[in-house]
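Notes for the one structure printed next.
The first chain written gets the first letter, and so on, giving A, B, C, D, E and F; residue counts start at 1 in each chain.
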């Protein structure tokens, strides 16, 4: 089974980090291809970055048709709906994956993400998936995405402190880490705080395996109907 | 990996049917144990049957501690919350599993279940999971659960007709089959109607594998906190 | 008029307490029968206890057909839907009763219940009844159910403190006491805090009188349709 | 016990009809005073009539302080919130009363009211009470309020036909009659259609008895705080 | 273009204040007529005042037919629905206007209003308009409406302090001032706190110009259908 | 006052059509600049086209800083949130504008759009704006966007037929036309069907004038915080 894991920003070190987390979660026999677009924002923090990464993200999907499922490895589930029009293979966002799992092992979870500017986009996603009722609060740790890549930063401490507050104030029974770059912290923070801490990358890889294993396809009726070939050709003229 | 699949009604032929569907979906290396309680209702059609099957269901979980995940193979997700208190292994309902997957491959899905009396319980579940906004309609085919086990019944036709109506009237982009006993019909109906048709048993087995593969545990904080040992002993005095 | 008041746990002293509160609220001419099952949990604190009390609860209803209405005297409204399938007499949960009344004498109310583990079940009930929009918050006092039966406990103080917080922080205009065992505290706490404090037992008895007085019956169509006699016989073979 | 039943329109024959229904439902020992304002609309059909009846309605409450509970006998629950500021006795709207009861004897109910122009006001009330999730549909029979008072009209037939449609199309398990003037039809229509048919007047009288019997008072905190005496005097200068 | 701006309370100095704010916002060529009823409450603080101002408000609309749009200049949008039945010109409430604009320049806003007793009415309006999901919190500054008219009061300070809390605790991205009497404070408070602060009077005047400029009319179908002439005549007999 | 009206697709004839409609609605003194990106999809019909038009749309905003407000003239409000990060001038989507106005002149409206594949995106927008409760139904006329530009097509008839159905089946009190290309049809269809028919282009121009006239700015706190200059430079390197 082949899973295409796309980091929609252009920071290769983060793609490596994500690829490692994905491979760590994958079953034997699953091949992970971790890629990122060559142009677009270096990190995705809010609506503008999200929008500017879409062309690169969708082009990456189009150029990698040989896969059984696609994982979008940015916590705001960048371009999820558009990607589902472009391919009938299951497309899973890492935010979405973590929320769904969290809702099956807790009555209520909180999200700890990076910057305040990213919070509304996550809240909108939760509302769209219907899982806002299960999310106590989306919290920002005020750790920037690329800070997570810097060895000396106190990112882990800030995130841990925010988890503590979520347990005390939100009555959170589980925590979802709100950035692909936090994947390596999950196990340790779960240990420290005594509750499930979910990382979206590993959740999405397992969901992708599950859906590809069932040979699932995205519906071609209604909102995910594929764009007509003529339109595709006009947009990607190199075809 | 060991997955305990519990049919909460007492009809052994249905347990066989469910076990077969579960094994068909399981990865190599996954061992499926399909069981049912020895007392309780012969089929679960609505609130009363659900309630009367709970003691048997929970007792079955307690007697089978050696597993990595539990699947509750009744479409109304009988006793899901109570089961999550009793064991920290992931517990997945087949209704829940199908709804979550359907919401990731379609914008809107409809459910086709057995009898009208079962519809409100399913609607309540959907609302609780937050996925009611993604469900266009819960439809009953007026096929009783045990009719599905009878070779000569016209169950398949009634279900197929209801799927046709769901596509035409509900703008459904995918269909969820609303009974464990319909597992064997899914592939064929998908073919016939040209859209994804999801069966909960296979969905739940794959979700169980995914969650167990990530070594997930149900939260022990809040609503799923385990009952104190003294209480357990008073309820199951044989311990 | 005869009202069957069922304490679904097996603690007889609590049944006495509940029976006394019920009789105190009943009109002249109303006969209260307060009973409890002989097996099941000694107290109901969360999903697991709820599930394990259902068989006893429903059996108790079946054995007491000679009544005009049934009150389920546990604040999580244990088995309400299943009970409505079993008898066409009005069945009223004490949680439900208190919420409905509170929504008619205040814009917003808060609930003060026993343990944190019980909170999610109450939140789910409120959402199901549609009254979650009227409930500011479900608060736990961390008083266990059976502590309420112990003369020397500081249960009253903890509950009173939580009411004070609800008024200050939730802008609660009324308080609902979230346990049948708190019935005797309501009048005094209302006096102390200067706002309505509702106890579910008395509310449910009055609702039961009202509904029985109107000769109301639970609908036999759809979700509350009675189980077929053959199924009933297979479940309660002694019939 | 004294219950003040106010028909907020000025049609005395309708007040008589309502008074009769109220007395039919009242317990021995309950005294019903059925009144209507002397100025304002002759019938209440929609937002404008509602608004223009408020001054008369509130003045009627002020002039009748000697009562244990107040029933507002118009199905759109005219002035309910304002009335709750003016008196601390329980104030119950007949729409509200019927919705609450219907939600306790059915999973879903439909409303059959008079004219299409009244539907949005009822839908708004249902949303405010939180009971919209339990209401399948608000249907208009296109019978004007005063037509209900005319012996030769075919009002009953139109209403009965609409009930038939509600059962078939809405999967309604109970019906709420959406006008005080329909009180006398309920028993007969329930018989005809084989499901509970609720009339708001009788429901509200029983709720009023229940609440007064518990000595309940509307909260004086927050939104129902009484207007200061100086303001009352400036508005009702005759005081 | 002529816009009728109605202050539904009877305090003329407040009408002047509102008229000044309205004229300050109006385009050249727009004529503002600011009026108030001659009887009714001197200020509108909660449900009772609202109800008692309706007859005067609607009578004022009826007596001023020569206008292109109507603004109801009380923040609880007094009588909005009834007014829309009485005239087909656009009718805009100042609360409504500010909420709609705030939802287009921020992800989340908080409201700072006068007294706690007014909060539930505003919350109900927000829910009805569907904009409650965009409102973080309705806060009361405990400044009475008429205090805003008194030069020496510390009203501005209390309101400013509440805005500070809203930014810190609610993550509000914009503030809506919850009283017509606060119109003159908006620009200054926006400057002080560095975020948009919206005043309903100016918002409503601009919306009124926009709608009248498009020649919009309120729908005459359904809930805003005009009352029949006979009913109007019976209510306003002087016609 | 200068309003930048962006057609996010690349079809110049449609930009002309939109520009004409915008100028027809603008006040004297308002200058309309109607533009479209030079690359991207020729029409926007669903999620994929939306995503692929974003880079061109945002680049167009960046290249036209000299304006007082921005209108996004595609009915799915393409890139609304991202645009609000890029400029602090008010940004208004034509879908959004029409929904807000429709909710102020009707209790319930229906949308008539182009193709079924566009419906889910519109439903998601409505839910996000909170206006889904006011929208009875989003209907597709099965008229493709570019068909609207073809003189001989029977587009108008199909749209008119769908409006008829919306009135009869949805109890719609107003209609919103769901495509910028339908702007010229609104007045005529309103006349034909006797209810308000709103076109988003004209609504958005008037809202833009209103907001710019109040000197409103989009909040710079939280979700609409502007991207840091370094990130902007990396994305638009030509700066």
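Quick note on the criterion: a contact is a pair of C-beta atoms (placed from the backbone, for glycine too) under 8 Å apart; a residue touches a chain by one contact, two chains touch by 3 or more.
Quantities reported herein were computed from a predicted structural model and do not represent experimental measurements.
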A-F versus A-E: which has more C-beta pairs touching? A-F
Whole-Å distance, chain A centre to chain C centre, using C-alpha means? 43
Just how far, in Å, is the C-alpha centre of chain F from the one of chain E? 27
Chain C and chain F have mean C-alpha positions lying a whole-number Å distance apart equal to 52
So which stretches of chain C touch two or more other chains? 84, 107-108, 116, 119-120, 127, 133, 171, 222-224
Indicate which of the five shapes (line, ring, star, complete, other) describes how the chains touch one another. other
Could you list, by residue number, the parts of chain A that touch chain E in their complex? 116, 119-120, 123, 127
Residue ranges of chain C in contact with chain D within the complex: 25, 27, 84, 90, 92, 96, 100-101, 103-108, 129-134, 167, 171, 173-174, 194-196, 198, 202-203, 206-207, 209-211, 213-214, 216-224
Counting only contacts in the complex, chain B reaches chain C at residues 40-43, 46-52, 54-55, 58, 79, 81-82, 84-86, 116-121, 124, 127-128, 222-227, 231, 234-235
Within their complex, state which residues of chain B touch chain F. 107-108, 133, 171
